[in-house]
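These notes open a run of structures that come right after.
Each of the next two complexes has chain A plus one other chain: chain B in the first, chain C in the second.
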Partner chain A sequence: MSDRPILIIGGGPAGLEAARGIADIGFKAVLVEKEGILGGTPVHSSYAALTPDFRPAKEAMAEMAAAVTNNPGVDVRLNSTVTAATGSLGNFEVTLNTADQGEEKISVGAAILATGFQHFDPGRETQQYGYYEFDDVITLVDLEKMLSAGNVVRPSNGEPPKRLCFIQCVGSRDRQIGNEYCSKVCCGVAAKESIEVRKLVPECKVFIFYIDMRMYGYWENEIYWPSQEKYNVNYVKGIATEVIKKGDRLLVRGEDTTMGRPMEVPMDIVVLSVGMEPSKGTIEMGNLFGADLNKYKFIETVGGAINTVATTVEGVFACGAATGPADIEDSISSGSAAAMKAIGALRRAVTT
Partner chain B sequence: MGLDLSGKQYRKVPYEEKEALLEEVKEDLRFGDYMYGCYDCGICVAACPSARFYDFSPRKIAQSVAREDVDLFYVFLNDSVWDCSQCFSCDRCPRQNSPGGLITLMREVAVKHGLASAQEALEGYGRVVYKIMSTGTQVSPDMLQANAFPDWGPHVKDIAENLDVWRKALPPETLHTTEASWKVDEKTLIELYLIWHATGVMDMIKEVDEGLFMILQDVMEERLEDAGYDVTFD
Partner chain C sequence: MGSNPNVDPDRIMEKEHVIQDGMDISGHWNRMFEQRVIWDYTPELIDKVTEVEGGESFGWCYQCAQCIPVCPVDIVGDYGPRRIYRRVQTGEDLFESKDLWQCTTCMNCLRVCPKEVDMIKIMPAVRQEAILKGNVPEELQKAFENTFDYGNPLGESPKKRAAWLKGSDVNVPLMKEKKKADILWFVECYPSYHPRGIEASLALAKVLNILNVDFGILGAEEKCCCDSQRLAGEVGLFEEFAEHNIKTFKRYKVKDVLVTDPHALNAFRKEYPKYGAKFETIHYTTFLAPKMGELNLAKKLDHRVTFHDPCYLGRHNGEYDAPRDMLKAIPGIDLIEMGRCRENSYCCGGGGGGMWLDGFMADHVSERLSERRVEEAVETGADVLAVCCPYEVSRFEDAVKSTGNEGKLVVKDIIELVVESME
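Coming up: the complex of A and B.
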């Protein structure tokens, strides 16, 4: 059996689960995280509660982190990046660069890329919703921060909003922007945040402008229906074309396709439901290990429906949102799958 | 011409007045069973016979209430709810809403407040309401006149001429009458009058048709007095 550890790059939900899984089975894992804290985007972007179960994100990620930091099978390297990689399945030579400690070369048997995503920047391609122009136009991520602080107010004047809306599919499902895919989580996250806003600011009316609500599986009855039936969130089919300023409020223009008429509605806060794009780390690590990226620059998986973690390089696996939009449940599941596939590949390579 | 959803036609009606009517619908005990949430699937419209003939959409009505869109609700309350045939085909809603039930509640509120549109919609039904409420039975045989329902065909004329004979040919004795669908037991009728009195149905009639109310009042008060009840409708 190989005594070389399996390298995992990225300490978010997928990477944490992969590392824990590998150690649980009795193999060694090296977990490399570029930030000084484990937990990934849910922690670094100050998510308030997880979708769909409303469990505090910090608490859930702390539980996952604790499972690897107190685990003799996992060598956690914080503030570290991978700067070079050579070799093949069974024997990769990898250079780690750790802040204040410099470079170190290690040998690993296989690698798992769990380098995640970044939130779409609504100012990147188009200014149509005025994200950089109007203080009261924010993103799902900005609202998560407000919810974490328990204080949802208009950035422009510090007052609680009376009318707040979400605009779905910002930076997703858009040929012109280049992200043709659905980002999978924004519908659920918007519904979850809408409930949180209604709880925190009960007098605020909340609207969600959408193309289709993609509330697959239990999200339907866990967040979508309750947001309507219990929290009176208004879903209006139709995507806004623009947000303009009117007095000290925002005016959202779109089509109310439900009623078949144009729509112009005043809002105090407009929340852009931004989707997912590959993180810089995903692109860099894919390139470093020679794994192909797909047309959106997520790491390409080659196993189709029956193997969601194999890449174009033998011995290099990818999981979580490094391979495309994924929610936390899927990320953790694919982290487990990657751990299993990496161990399997390594055992076969050593015994044959 | 299609339904005007802009709400312009009711701009002069105070917002608070419209809002109070929406609240009244929502406060009805049945509301929770009729309206959960709507995701615009359109099955109610697809199943709706009225939607084939009128600019009528149970989906839009349900949406206006779900959204608490006061102005839009008021448009539907006036200009749409009377296009419903109350067949409840819309009850196949996957969210288990009852748009038809919601429309029932809206009609009741419209009638209770004597909205002009409700009065107008019910104008043609005065005779039917009179029959039901005075005799306790539905459309009676003597309403079967050749000129009343031309679409019923030419044979109606023959039947109407010898109605009494036709009815006597029917085996059950309770059907040997022409002023009511069947003979209603005196006790049953008294109880019906008392129920309509106690539940406010007579107040609703008064709101939409004062003349009809006065006629019914005479009939009911007299019969109730004969039966030993001291009840007045006013």
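Coming up: the complex of A and C.
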């Protein structure tokens, strides 16, 4: 058995689960996180409740973090980044840089990249929806922050909204922007947030403008149906094209495709359902370890349907949203898978 | 009931005796103009479009509908790429449909399309095939024939292409005599022949002289740039004219080509290089905007001005600022924007052959695009609608009359306002 630990980069849902799994099996893990706190994007972006189970994100991530912080099998390095990596399966030499402590070289047997994603910036490519222009045009992430604070109000005047809508597929499924993929989670997250808004501001009418609602598996009955049946959220097929200002309100212009009629609907808050893009860390760590990135700059996995965590470099694995859009359930499952594959590869390398 | 020439009598369905919910709706009370139930889908009609070179992206539409609210024709009618796709999927043959001729190739749909369904390529490609089969609206065919016979779609004498200079003392040298110049000014058809176009041409000639620009024009040697004919489907005509114009340009030693017409700008920049053209083209607003300080604009104009972005200057070629910079440099002008401006500017209806389809379009829209635009201009409180595309002066002036806004709004080329402020 190799005495070298397995390096995990990224302390979000995928990395936390990979670290816990490795320690549970009896191997050692070094978990490197660039921030001063574990939990990843759900914590750093102040998510309110998880999709689909509505469990408070902070609480759920704290539970995952606790499983590694007091675990003798996991060496947690906060405020740390990996700045160099050489070697191959069984013996990678990596340099860690920790804030206020400087550099340290360690030897690891394998590496798992769990470096995650970043939210699409809806003003980056076009100003179609006026995200930079209008205070009351916000993103799913901005709304999560409001929901976490228990205070959903119009940023422009501090008043609770009477009408709020979501516009789906912003920054996803778009050839011009370059993100041709579906970001997978935004439909579910919008439906989840719509329920939370209806609970918090019951007099607010909520609309979701969509191309097609992608509610795979249980998300259909756990979030989509309840949002419509119990919380009276209005679903309208047809993506809005533009948001313009009308008086002190916003006017959403689009086409209701099932009616075949144009629509111009007033709103107090417009929420853009932004998708996922590779994080800066995902691109940097992929490059550092020599693992190929795909055309969208997520880390390329090479095992097809039957191995979702192998990269182009033997001994380097990737999991969670570092490999492409993923929800938290997927990320945690693939964190587990990466732990298993890394241990398996390392064990075979050492015994042969 | 009177007969409507737009309704094919074979498609009228009427049952002699019908009682519905106790109501007698026999005879014409139950008349339907087409089959309501969809009996089948017609993927082969989509294939027919995508199999044409240039038509490929038609098949990519995923019905998100972002194109519809920005389609200028849908705003006054029932149109847009998403709808056309659906109609073709349910039995419409685009090659024989009225939908083929309504697109002005304004490019606002492509601007917002996440799938890059490119009507700027699809429409000319399918129109070309339709024209080969003789399916083309008569008035458009007439414009093609005029272009072929006279070198301009107006049907004016090619010999008189420089006749606009007659009676004017402004100096406009001909390249035939000059041989060499810094700037070859490609005047184009409407600025050479249309009375309002001529006024703008004389104004531009005057400004070029004041700025001591070393320029010349081709006069009778010039032929239509043909870009709108190309987009209307007459690709063969376009090729012939492109080759003619390129050959003419090569006869002279010039640095750059200056154009009045954004459609010529588009053709010279994007299409002529495919036929061997190697020269830089600049629109007159881009050329003059940085030179406004050199003009003595002494007279203060008391105008509230709104500006209409030409589709082929703005969306197609990315120039939004130069015309505005020119207007802002004129003393006394108060520039106000219309709701639809810059990237989302409305279309005058003249592009992609629309210039020669007014009669055809009248049967399919509730009002002309130019009329809708004039109403938007009036709404801003402006008394001048400034333009910088030769199609627009005549289109908007007609629309000012037909919408009853005479006396409220005048249409002027930016260059006319510049000259006014010099007097």
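Please note the rule applied: the second predicted complex is superposed on the first by the 352 of 352 C-alpha atoms of A that agree within 3 Å, B and C clash if a C-alpha of one lies under 4 Å from a C-alpha of the other, contacts with A are read in each partner's own complex, and residues count from 1 in each chain.
Convention: a residue touches a chain if its C-beta (ideal position, glycine included) is under 8 Å from a C-beta of that chain, and two chains touch if they have at least 3 such contacts.
Small disclaimer: the values here were computed from a predicted structure and weren't measured.
Of the two partner chains placed around the shared chain by superposition, chain B is the only one that A:225 touches, whereas chain C remains out of contact.
In the superposed pair of complexes, A:259 makes contact with chain B only, with no contact to chain C. Looking at the shared chain after the overlay, A:236 reaches chain B, while chain C stays out of its contact range. Legend: residue contacts after superposition of the two complexes on their common chain; A:109 is shown touching neither chain B nor chain C. Looking at the shared chain after the overlay, A:128 reaches chain C, while chain B stays out of its contact range. When the two complexes are overlaid on their common chain A, residue A:213 makes contact with chain B while staying clear of chain C. Common to the chain B and chain C interfaces on chain A are residues 260. By the touch rule above, chain A contacts chain B in their complex via residues 205, 213, 224-225, 228-229, 232, 234-237, 258-261. Only residues 126, 128, 169, 173-177, 211, 238-242, 244, 253-255, 257, 260, 262 of chain A touch chain C when the two sit together in their complex. Chain B meets chain A in the complex at residues 5-6, 36-40, 59-60, 63, 66-68, 72, 95. For chain C in complex with chain A, the residues that touch the partner chain are 62-70, 74, 80, 82-83, 112-116, 339, 344.
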